[in-house]
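Heads up, the thing below is written out as structure tokens.
As written, the chain order gives the labels A, B, C, D and E, with residue 1 at the start of each chain.
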Amino acid sequence: MNNNPYLPELATVQEIITETGNIRTLRVTLDNKQRMEQFDFRPGQVGQLSVFGTGESTFVINSPPTRKDYLQFSVMKTGEVTQRIHQLNTGDQIGLRAPLGNGFGFEDMKGHDILFVGGGIGMAPLRTLLLYMIDNRSDYGDITVIYGARSPKDLCFTYEFQEWRDGGINLILTVDAEFPGWKERVGFVPTVLSEVAPSAKNRIAITCGPPIMIKFVLFGLKELGYEDPQIITTLEKRMKCGIGICGRCNAGSKYVCLDGPVFSYDQIRSMGGEL
Amino acid sequence: MKDLSPRSSAPADETAATTQGIKIVGFLCNWCSYGGADTAGVCRFKQPTDLRVVRIPCTGRMDPLFIAKSLIYGVDGVLVSGCHPRDCHYAVGNFYARRRMEALKAFLPFMGIDTQRFRYTWVSASEGQQWQKVVTEFSEQIHRLGPNPGLKQRSGDHSIPSIALR
Amino acid sequence: MAVKIFIATDRLDSVLEKLSTKIDLLIPASLKDDKSAPTGFVPFVPGTAPAFDRQTTTPLKKALLPQVETLLRFEYHKDPQGSPKSSVTVDDQRQVRPTLVFGARPCDVKALTTLDRVFSNGPYVDPYYVERRKNTLFATLVCRQNDAKCFCTSVGGGPADMEGSHLRIVPVDGGYVVEALSPEAQTLLENLADAPDSARDAQAGQIVEEALKRRVGELDTKGSPEAFRKRFDQTDYWFQMINQCLGCGVCTYVCPTCYCFTITDEVENLKGERLRSWDSCMFYHYTLEASGHNPRPTKLERYRNRVGHKFSYIPERYEGLLGCCGCGRCIRSCPVSIDIRQVVGHLKENTSE
Amino acid sequence: MRIGVFVCNCGTNIAGTVDTAKVASEALTFADVVYATNYMYTCSEPGQQEIQRAIGEHGLQGVVVAACSPRMHEPTFRRAVEKAGLNKYMFEMANIREHVSWIGNDKAANTAKAADLVRMAVAKLRFNQPLFSSKMPVNKRLLVIGGGVAGIQAALDCADGGMDVVMVERKQYIGGKMAQLDKTFPTIDCSSCILGPKMVDVSQKENITLYASSEIESISGYIGNFTVDIRKKATYVNWDACTGCGACMEKCPAKNTPDVFNENLGSARAINIPFPQAIPKKAVIDARHCRQLNGKKCGVCAKICPVKAIDFEMKDTIVTEKVGAIIAATGYDLFDHSVYGEYGAGRYPDVITGIQYERILSASGPYGGHIQRPSDGKEPKNIVFLACVGSRDASVGRPYCSGVCCMYIAKQAILTKDHLPESNSYVFYMDIRAPGKNYDEFVRRAQEEYGVQYIRGRVAKIYPRGDRMVVQGADTLLGVQVEVEADLVVLATGIESSAGAGELAEKLRISYDQYGFYMESHPKLRPVETNTAGVYLAGACQGPKDIPSSVAQGSAAASKVQSLFAHDTIETNPQVALVNERNCIACGKCIQVCPFGAIQWKELRGGIKKAEVLPTVCQGCGVCNATCPPKAVQLQHATDNQLLAEVNELCA
Amino acid sequence: MAVGWVKRSAAHHAVSEIERVEKAVLETSRMQLHKLVEEALPELEMMIGWAESSDPLQTTPIFIRDAKSISKLTCGPLCSQNLTGYLVKPPALDSVPKDAKPIGICVKGCDSRSLVALIQEKFLTRDRVRIFGIPCRGTVDWRKVEKRVQLLNVKSATVEDDWLILDDSGTTHKIALEEVLSRKCLGCRYPNPVIHDVLIGQSATPRSTDLATTYRDVDAIEKEPLEQRLAFWQSELDRCIRCYACRNACPLCVCQDKCIVETREPRWLTQRAGIPEKFLFHFIHAMHLAGRCTGCGECERVCPMEIPVTLIKEKLNKIMEEMLGYAAGLDPDAVPPLLTFNPGETEI
């Protein structure tokens, strides 16, 4: 990154994937070829995407550092910036400030069993780590993924589920209600979690999704015997600078943009502050 | 949104001269005055070219703040026109508008904004000739007033009047 | 080594004019013709009467962190031949001119130490702030007169605290004794005025002496971070303390240590700017997320965060440094007379109350 | 966003005074515009195909067409972009014809203005959102207001098509002005012979509900779903019982009641059935002249009525009807010639109007079809007709031509000769307007076969001399003053809009011109539609018309209604207000100002109140949007951001 | 530091007896208030009033739930805040259930008009509030005090008769009350609450009964030529720091967090600090209050930059009175004039 942390690097949209009715995935490359080759990041780190004239918004880089043809971001249409991002076309130039934030402590996860619990767009931050683990499969034990959405058409990354399974992932899919042609599970994610009941022994659980889901997933994990340090999640806050200065994304004395977005549940408990 | 600096990227040909000329924004209701302006066009009633029309469904849609915003940010004149009272396509939209615009009209000069830069009028879809008259008169009025000086940054000179308040 | 000059009151304008040929000057002055009007730091032009007699209404921070500044400019370039591709160029050019702030108060200058930590000591350095900071010198006025709302010594400062200052201004009978505290300041004083006579020099010394001893304010901030954490979830406490809060941004905008900002883009056709502007943690939109969720939805959480930020979070993050300089502006300007000293002071009281 | 701009030459209509190529090239310098071109006729089939091709080829997400008025072709282009896969609201029009090329000749200024308008349209388009219509059911009942020949035609056409029709007539009988006519031009058909069967049809069709002596009280709702309150005026006769026997009329002692149907040429009774063929054939008491109702002892009719239908206590009642479409066929009134002092201002009994002469000519009229002077009952010898009384005269505020007078004068002159072969007819005229089929031939016959003397010139004065009237005027063809001693003078009074037309228009939310005639949507292409969807026009309420035109327009309006009713549902207009609940502060101001009652309270969980727009009731005026302080309610397709974007382009 | 004695008028010596009476009246009012609140409190959810703050020259709003705190209640010319906004703005009363007992509130004449306007706009029902009306002879503008004497450490501030008496670090300042009253008070037509359940103390005499007196400052501006008016407002509004205190303090600025001056959807304003932004901000504030503003002067009182922002609304109030014969906050059943219309008013 250059010496002005506010100055985005120029990047070009290479490919756009429509995931759901209001989620699109952008694959972008930095215009500076050398920078793109040298670009390094940790799974879970984020980037600030700029649509010049509209503004910036924060998204996790959901492609893994092991696959660097492009950097991938999945964007749900919610506000002014994401609206404009959805209007982008391939070949359009955007700005990117990345990598920012802390990322997952994947080194410490080596040798453990892993449980991913994701809901809706919340699968995006998990995907980067998941693919990283697939690419380093032998470092990890069992990897179970519970991924749910409201309906089949609200699931992201459907086009690569097979690849995940082929990569040795125990992928469990669920939707909230019966749907014609749906052959996987039906039920809310926390319910499915209790049914599957992956053992807490030597396992790290990583969860991301809508706040209400997280709340019940936490209950479920506790019941299954998971301790706070075993549970990892990513926090979301309104961000502007992305570098721990502008002040708004704090929870207690921690800045989500700088010290996060990845926190273990015991860290969150000790931080205090509003979530 | 503009700052106060003049447009920097004006094309360097004869359009430049006209784009830097007087600009009047017209808010016209779709049913009457927009139609009246169309009628004037169909009848080939010649009019000054300063007016730029924004089509709105009804003068009732007119928040006076659109007018304030235009004048504060340097538009030279604002013309609002709708259906004659009692002829509103939506029955009463222009009655609301009338009060609101009258209030604004009385208010603008208090803040130092020339109220002559704002006019509202009623022109029906059949009144092409009336529209020509309104546009011509208002454009001439704005030309007499000249470009809107806008709100310049406070200058260093100290010619600010000290008005004794209680 | 110490270079001192004496500026007689009636020579102040001409001396400042001379000084302004060497360096851009910012001085405290009335913001309108009326002398009793609100004051702030303004560029010196000859004839501007400095308002040294009272603290400025608006704080010094805007010298380093303007209310609005351009972070970068961008421009889309189109292919006139009609290809749909357009490219963007972005630049972040900055021009900073050396500036001397003449007549700031110790509390205002002290406040910059907080900003320094935030803007230049984190993992990321803010080049806009840092460049201005490097190019700005401070001639600080020893504070002879505090009012009931000042509490600088309660938060680690003092009426003669020269931390971060390059020149010291001591108001004495008939004028000001100005003393250089750094080498670059010495050159500024060259050929400006004569040295003070010994009587005035002695008087200045005495005034500084007195000011150094003076205690301003009785707030005890020791243990505040811990007390705040304990109070955090006590909604009743916060209601009791700030129920009258209007949720406006006066306290943050007049605060010399509040630095929170927002970033917005403004564009006109193909050219635009990314702006940084003051924001306030007291505002709803400050933390409003696109999803509609707001972690600090009411003034209770927002005011609590403001107190926490200054007296708990900053000390935790930056080794005990407080996010408050004790200038008292927030107390003076609060429309409903909320006194942050009481809010902080009560933190440590018996929590069962 | 990828925007394409298409600048229309419109042949030379636009290109003549606007450099369209330059506008297009300038448009290419606007942000987000990736394609811009000019085209000869953008609205033509190939023009539309060009837009569709460009949408595909350049991946356009929005389209701006700079051409004529959006009131003309916005629907055309919306359909075109929709066919190419865009949402039709991702389209904007810049009006560079009616608002630019046709109103100025300075090409440079026009070009700059056109470019500005395109810039504004592009700016707005950036904030456009795809909008989607919903469907709502159509109530397949028609309301016809006015039971003249136009209304009757429309009602019968629709009833024949199997639709339910509600007809409201202000008078106590249907048939309108045509019912008063003796014969019709140019065929000299008996008016009541051709109209009568249609009137009977109206009364006999089971799917026509007729409210005579009734007026429209209020109208609410919108196309497909109007609710109409009808005021049934007190007739003091229970029509369910009344058989129309007429016994009451014979005995009624109030003999000086003016005979309105006969244009006051005779007198009627206070209780009256105006003419034998009246539909409905029911008696009505004229409250102004009834002795009983004016506090005098009477009640003769009540005693005489064999079915006890008389009800002196009757009050106006309101009935509510729900309909899906409305045809306004309220007809016309005749000009009041009393403003012409030089014609006697109505003082001379033998200076009468054309319609009075119709009653005189009519076999069922006051004189049983014998032509005689109202003053003394003498047969007139010299009869003078004056054309253009209250037509083509700006000095009395009637600059337009009434269109029928030339013809009815010719007809009346011919009929006069038939009745009184010894009589002489003179016609003072300005021009002869006889453009219809067989019309001019008809006028010629009057002149050539019937010897009617046509004198081109204005009449300066009419005054009595002895028992005759002197008509003084100029023959402008011969350049001499002429003076005719007439026994009877007939003024061809012109057509003016019906009394109360304006108030009804306000209830219908349609516009009317300065003379009170209702405005059609487009003078050529949408002649029976109004700007209010679901409201159509027929007959002279839209402008002066003769019978054939009125009947044609009645049928035309009926066919519009039938094509509307051919669908079970109609698409709602999505350009309506929408509440962003997050920003709504529940102040209720939008509810207070909405002219349509289209906004109501909605309760969220926890008892939180928010405003909610009923999209089918909302008409899209935007008063709520202008009123809402936090701008939580936004009018779709005319949002604050969209209008601000346009304004910002001018804030240089 | 010079002692800030204000010259006593010759007449003053003669009225010292009345002065004592006046002081007594004030004390009595306060005691009367305490007594009435004490009686009423069991029937109230809470009582909103004024209490002394750390600055003797300014009161602070207080929310009383238990009888212990009643003694903190005060009234008089130092009670400048309009408390009615708290009734409708979160979260002050979020903890109060909707079906709870009524809330007691102290109002001056001008405050009572805000209350009427809030009831009129249905933000509040009359039975939700118990109104303690306090006739008012004007409130002290502490900035005017500060402009007369340098305030260092004010220990006490009391009002005796027509005088404000300050004890500042041992120095006594005696200042004519008339000279330090808030600007809005000097044209006050409604010193007595227009709506109340109980009235404390004796009714006050209006300072104005006519538009000319009430709108004297508006007229002063209007006497200037157009360019001068523009220059005046440019120089005044240039000081605006967009802290939004004026908005937040306004009891009728009911949008609060949803205010359009902060949103980008819609986007009326940018973050730029130029004069156009400041002008438009104050236009928005004023236009949204047109026909609703009750002239309580809170916006001006709270402005840290001392911009006469109430004056802007005063002009609109004057327009409403002259054009439509309407003054806000007097009739709870009236409809604000810009939310209705009269088809017949062709000549407004």
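Here is the rule we use: a contact is a pair of C-beta atoms (placed from the backbone, for glycine too) under 8 Å apart; a residue touches a chain by one contact, two chains touch by 3 or more.
Everything numeric in this text was worked out from a predicted model, so none of it was measured.
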{"item": "Graph distance between chain A and chain D, where chains that touch are linked", "value": "1"}
{"item": "Most centrally placed chain - per-chain CA mean versus overall CA mean", "value": "B"}
{"item": "Distance-maximising chain from chain B - centres being C-alpha averages", "value": "A"}
{"item": "Centroid comparison with chain D (C-alpha atoms), farthest chain", "value": "C"}
{"item": "Chain pair, D-E or C-E, that carries the greater number of C-beta contacts", "value": "C-E"}
{"item": "For chain A paired with chain E, centre-to-centre distance based on mean C-alpha positions, whole Å", "value": "52"}
{"item": "Distance between chain centroids, defined by C-alpha means - chain B, chain D (Å)", "value": "33"}
{"item": "Distance from the mean Cα position of chain C to that of chain B, given in whole angstrom", "value": "43"}
{"item": "Mean-CA-position distance for chain C and chain A (Å)", "value": "39"}
{"item": "Multi-chain contact sites of chain C, meaning residues that touch two or more partners", "value": "32, 76, 84, 86, 262, 264, 266-270"}
{"item": "Residue numbers of chain E (touch at least two other chains)", "value": "235, 256, 258, 263-265, 268, 270, 272, 338"}
{"item": "Multi-chain contact residues (two or more partners), chain A", "value": "53, 79"}
{"item": "Residues of chain C that touch chain E when the two form their complex", "value": "31-32, 36-38, 53-54, 57-58, 67-68, 145-149, 239, 243-244, 246-250, 252-254, 262, 264, 266, 275, 277, 280, 283-285, 298-300, 331, 333, 335-339, 341-342"}
{"item": "Chain C to chain D touching residues, read off their complex", "value": "76, 78, 80, 82, 84, 86, 267-270, 292"}
{"item": "For the chain D and chain A complex, residues of the former touching the latter", "value": "1-2, 31, 59, 61"}
{"item": "Residue numbers on chain E that touch chain D, as the complex places them", "value": "98, 121-123, 254-256, 258-260, 263, 265-268, 288, 335, 338-340"}
{"item": "Residue ranges of chain D touching chain B (in the complex, touch as defined)", "value": "22, 26, 29, 69-72, 95, 97-100, 102-106, 108-113, 115-117, 120, 502, 505-506, 509-514, 519, 531-532, 575, 593, 595-596, 619-623, 625-627, 635, 638, 640, 643-644, 646-648, 650-652"}
